[in-house]
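Both of the next two complexes hold chain A, though its partner changes from chain B to chain C.
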Partner chain A sequence: MEPVYVAGVGMTRFGVLDDSITELAEKAAVEAMRDSNSIEHKFDYVIVGSQDPEEFTGQGHLSTVLADRLGIVPAGATRVETGPSAGSSAFEEAVALVGAGLASLVLVIGVEKMSGVDRGAASRIIAKMVSLESEARYGATPAALAALVARRYMHDYGLTRDDLSLIPVKAHKNGAKNPLAHFQNEVTVEKVNAGRIVSDPLTLYDCSPTSDGAAALVVASEEAVAVLESQNESVRVLGIGHATDYHAVQHRLSLTSLRATVVAAESAFRMARVKPKDLDVCELHDAFSILELIDMEDIGLAKPGRAIELVKSGTSQVDGRIPVNTTGGLKARGHPTGATGVAQIRDTVLQLRGSAPKGLQVRDAEIGLTHNIGGFGNNMVVSILRRR
Partner chain B sequence: MEPVYVAGVGMTRFGVLDDSITELAEKAAVEAMRDSNSIEHKFDYVIVGSQDPEEFTGQGHLSTVLADRLGIVPAGATRVETGPSAGSSAFEEAVALVGAGLASLVLVIGVEKMSGVDRGAASRIIAKMVSLESEARYGATPAALAALVARRYMHDYGLTRDDLSLIPVKAHKNGAKNPLAHFQNEVTVEKVNAGRIVSDPLTLYDCSPTSDGAAALVVASEEAVAVLESQNESVRVLGIGHATDYHAVQHRLSLTSLRATVVAAESAFRMARVKPKDLDVCELHDAFSILELIDMEDIGLAKPGRAIELVKSGTSQVDGRIPVNTTGGLKARGHPTGATGVAQIRDTVLQLRGSAPKGLQVRDAEIGLTHNIGGFGNNMVVSILRRR
Partner chain C sequence: MHVVSKMSISASKCKSCDRTVIPPRTICPYCGPKAGDMSQITVGEEGTVLSYTLSQMPPEGFDPPILLALVQLQHNAVVLCLGNPEDSSRIQIDKRVKVLSGDDGRFHFSPVEI
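Our next item is the complex of A and B:
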């Protein structure tokens, strides 16, 4: 594969926002173009990650609309969808296009506008990603499945409610320092424990919110990076892995390990020629708090059932040995589904450049990993980036 | 780019069918796997092209569902959407993945199940691809826009209603010999002329139908092709081009030439190192009859306004110098939107292998081109294939 770089990044605030889906996408894209000094260059493609703009917003043909609105016609324009990992899947297509030599400069936009429909409608749209035959017809929402997983994890490994609450506490602590986060307030273990029960044992604070937002990347070949003469350092894409698992949770081998993460991470590490111990910073898909622990184990940061020790010891804090979700993660940064995977890359690029927000910068970060989940634990994309 | 091949093809009948979207996709996919002798091999990815399965069928997360149903978990699974060119855009992603060396064996599925909703609902879903600001709010459906284009073409070039009717007559003549076509009946110029007016001057016979159906491809690296030991010849991907135009028709430079086709075709020809005169067979996107003429001119088969001469002289017939839409095209083969681009590739592969249906085989076809339109004339993918 030809060398591939992330030359520019952009992101809107995540939250319940007034902007339309196209306004959000444009803001993030223009920032990424400015950041990479590419605004007057010719883009070969725009690849858009979005879960369901037709139903959330009534806007179809989104990639074409954005190519036009951004003034990059006749660039090829494609939308990519893998549920809530649509953003990192869009990044993957951009990496493939540049890696194959089919493109030199690709704009990647991850975007979702979820608050334009009421909560019931949003839940119905999101529920289309779980299995109709085995899950949806029995009322098994993503939160209910996460609760099942949490209960099993607690049973198998002795995790307590107080332990689990440390995850949202860390997320909110980091989110409070992230000016683009959906939630910018700290919470306590007591507050998490006492939150409204969404699906026992998970409370409101164990669940990522319904957010609006967009993030964008300029993905470039080595030649294009040289031509751009950007002030900001570009970051090398070292590895990318993508794997699925059986659609319905009941068909999987385990409730407490997500095999698709294991496979995707192994592919990404193999391609990148690095190991979990080489990582300096991670953005993991904590749509529900229990997933952060499982993700840490599945990518190889801890043995099964032991991730909580890294949380308790401070190892996964910003100043720890392997900081996880320094941005607040999906829980506090927010989770506009199609935008999340792109935001994870953007935030990791900032870490590797040394320009993360005040109080969130990891010391001397060289290698970062992002992990994005598609449906409930079944369509994962893992990316590994390295400072040049 | 690494060499990329189409090693296997499959397709369901197109039409109003009883099968569900997953059943259609599975049938085409299993046929492509069998055709390439790959059914027991490990797929790295499945890439699914589909315009709007959530709204047409209520099924979300389609790529994951299909990876599971087809027994190819943990293959990475992605859905790609560019409106009605979703199928060829899925093919494009597969080409990029193999071309970059990120994958050796990729299953591409194009599928749409449109008849499960009533015609009004289908029209509303499809209409989400035209510009809300400039078109949809004034009632400008795709058919209305095509009528506008046809009127202008008639005005500029003196095309008559009888001339235009030759296109559906040829489509139905070919479709009648294609066992998988939606329509398998011949029609006359008189019948086309006398058809119900959909949008003046276009009659029912100028417009492609609303179809269900699926097509599939096995896309493979050179190494994988060697390992498969398929009985059937694989076909080389010589070139691929993808380009957009302004979303709203009113913002474009011309009504009678689609600039995105010109740009996409130029890219594909440049990459393939062939010229329009080298083509032996073409599948062009004739969602409306007038588009077949415009497409022929835009890819370089005829000068502006002159494509009708190739129709009248028989040049674009199966036994002519440059046969166009030997399968019946979108008009007669049918147009399940996300499936169309993949069906075009599948049908071209059959031509290059010399195994097209009886009466439709082009003599000694070596190089074929497919052209697939996204929205109304704004998101085009052109592919060029060559017999090995």
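Our next item is the complex of A and C:
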């Protein structure tokens, strides 16, 4: 593969916002174009990651609409959908196009506008990604499936409620310092424990919110980076892996490990020629608190059942040896589904540039990893980036 | 409340990897078409709870709370089932339960009294 770089990044605030889906996408995209000095250059493609704009907003044909709205016609325009990993899958398409030499400048936009429908409707739309036959018909939601996983993990490894609560506490601690985060307030173990039960043992604080927001990246070839004169700000794409698991949880071979993460991470590490111990910063898909622990184990940061030790020792804090979700993760940064994977990459690029928000910068970060989940525990994309 | 009828539980078993899946299908999800069509079998109604949850916030169309359990049946086939929320205090991991196929087309479980 030809060398591929992320030359520019942009992101809106995440939260419940007034902007429309196209306004959100435009704001993030223009920021990424300005950031990479590419505003006067010709884009070969725009790749849009969005889970379900038709149902959440009524907007169809989103990729074509955005090419037009951004004034980059006749760039090729494609929308990618892999559930909530759509943003990372859009990035993967851009990396493949540039890496294969089919394009030199590609705009990637991840966007979701979820607050236009009420909470019940949003829950119904999101629940469509779980197995219709074996899960949705039973009233199972991603939260209920995460609760089944959490209870089994607690049973097998002796994880306590207080232990699990340390995950949202860390997420909110970091989110409080991230000016774009949906939630910018700290919480305590007591507050998490006393939260409204969503699906026991998970409370409201174990679950990421539904949010509005967009993030964007400019993906460029070596030659394009030189033309843009954005060498100093560019981050190299070292590796990317993508894997699925069986659709219904009942058909998976483990309840306490997500096989798709293991396979996607192995592919990404192999391609990048680095190991888990080489990572300086990670963005992991903590749609539910229990997933952050399982993700840490599945990408190789800890042995099964042992991730909580890294949390308790402060190893996964911003100033620890392997910081996880420094900008608040899905829990505090927010989870506009299609935007999340792109936001993870954007935040990692800022870490590798040394320009993360005050109090969140990891010292001398050189290699970063992002991990994005696309269904419930399914359709994972893992990306590894390196400072130039 | 609908009536739960005692219909047998249909499943499919792979001739190559021996894994059993519910509901039945033709192609083994673990082996793909190379293993040939799966064998259509039925499995017994008793199983073991792998995990469970009482969901307080199900989607539109469901009255909360709903009790859900993953139950491991004969041949290690696993199914998600609905239970009676009033039984939630009697359910725990490894508990023996009985699974029936309801006339609503879904699986329902209830604790087995010893």
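What we mean here is this: the second predicted complex is superposed on the first by the 386 of 388 C-alpha atoms of A that agree within 3 Å, B and C clash if a C-alpha of one lies under 4 Å from a C-alpha of the other, contacts with A are read in each partner's own complex, and residues count from 1 in each chain.
Here, contacts are C-beta pairs under 8 Å (C-beta built on N, C-alpha and C of every residue); 3 or more make two chains touch, one makes a residue touch a chain.
What you see is a predicted model; the values in this text were computed from it and never measured.
Chemist: Quick check on the superposed pair: does A:149 touch chain B, chain C, both, or neither? Answer first, second, both or neither.
Modeler: second
Chemist: Could you say whether A:190 touches chain B, chain C, both of them, or neither, answering first, second, both or neither?
Modeler: neither
Chemist: Among the partners chain B and chain C, which is in contact with a greater number of residues of chain A?
Modeler: B
Chemist: Which of the two partners, first being chain B and second being chain C, lies in contact with A:319: first, second, both, or neither?
Modeler: A:319 sits against neither chain B nor chain C.
Chemist: Where does A:199 make contact in the superposed view: on chain B (first), on chain C (second), on both, or on neither?
Modeler: A:199 contacts chain C only, not chain B.
Chemist: Between chain B (first) and chain C (second), which does A:140 come into contact with in this model arrangement: first, second, both, or neither?
Modeler: second
Chemist: Is A:246 contacted by the first partner chain B, the second partner chain C, both or neither?
Modeler: So A:246 meets both chain B and chain C here.
Chemist: Is A:223 contacted by the first partner chain B, the second partner chain C, both or neither?
Modeler: Once the two structures are laid over each other on A, A:223 reaches no partner at all.
Chemist: Would you mind listing the overlap between the chain B footprint and the chain C footprint on chain A?
Modeler: Correct list for chain A: 246, 251.
Chemist: In the complex of these two chains, what residues of chain B are touching chain A?
Modeler: 1-2, 45, 52, 54-55, 58-61, 63-65, 67-68, 73-83, 89, 92-93, 95-97, 99-102, 125, 128-132, 240-247, 251, 259-260, 263-264, 374-375, 378-379, 381
Chemist: Which residues of chain A touch chain C once you look at their complex with the stated criterion?
Modeler: Within the complex, chain A touches chain C at residues 120-121, 123-124, 127, 133-141, 143-144, 147-149, 151-152, 155, 196-202, 246, 248-251, 255.
Chemist: If you look only at chain C, which of its residues touch chain A in the complex?
Modeler: Within the complex, chain C contacts chain A at residues 21-23, 29, 50-62, 66, 68, 70, 78-82, 93, 105-106.
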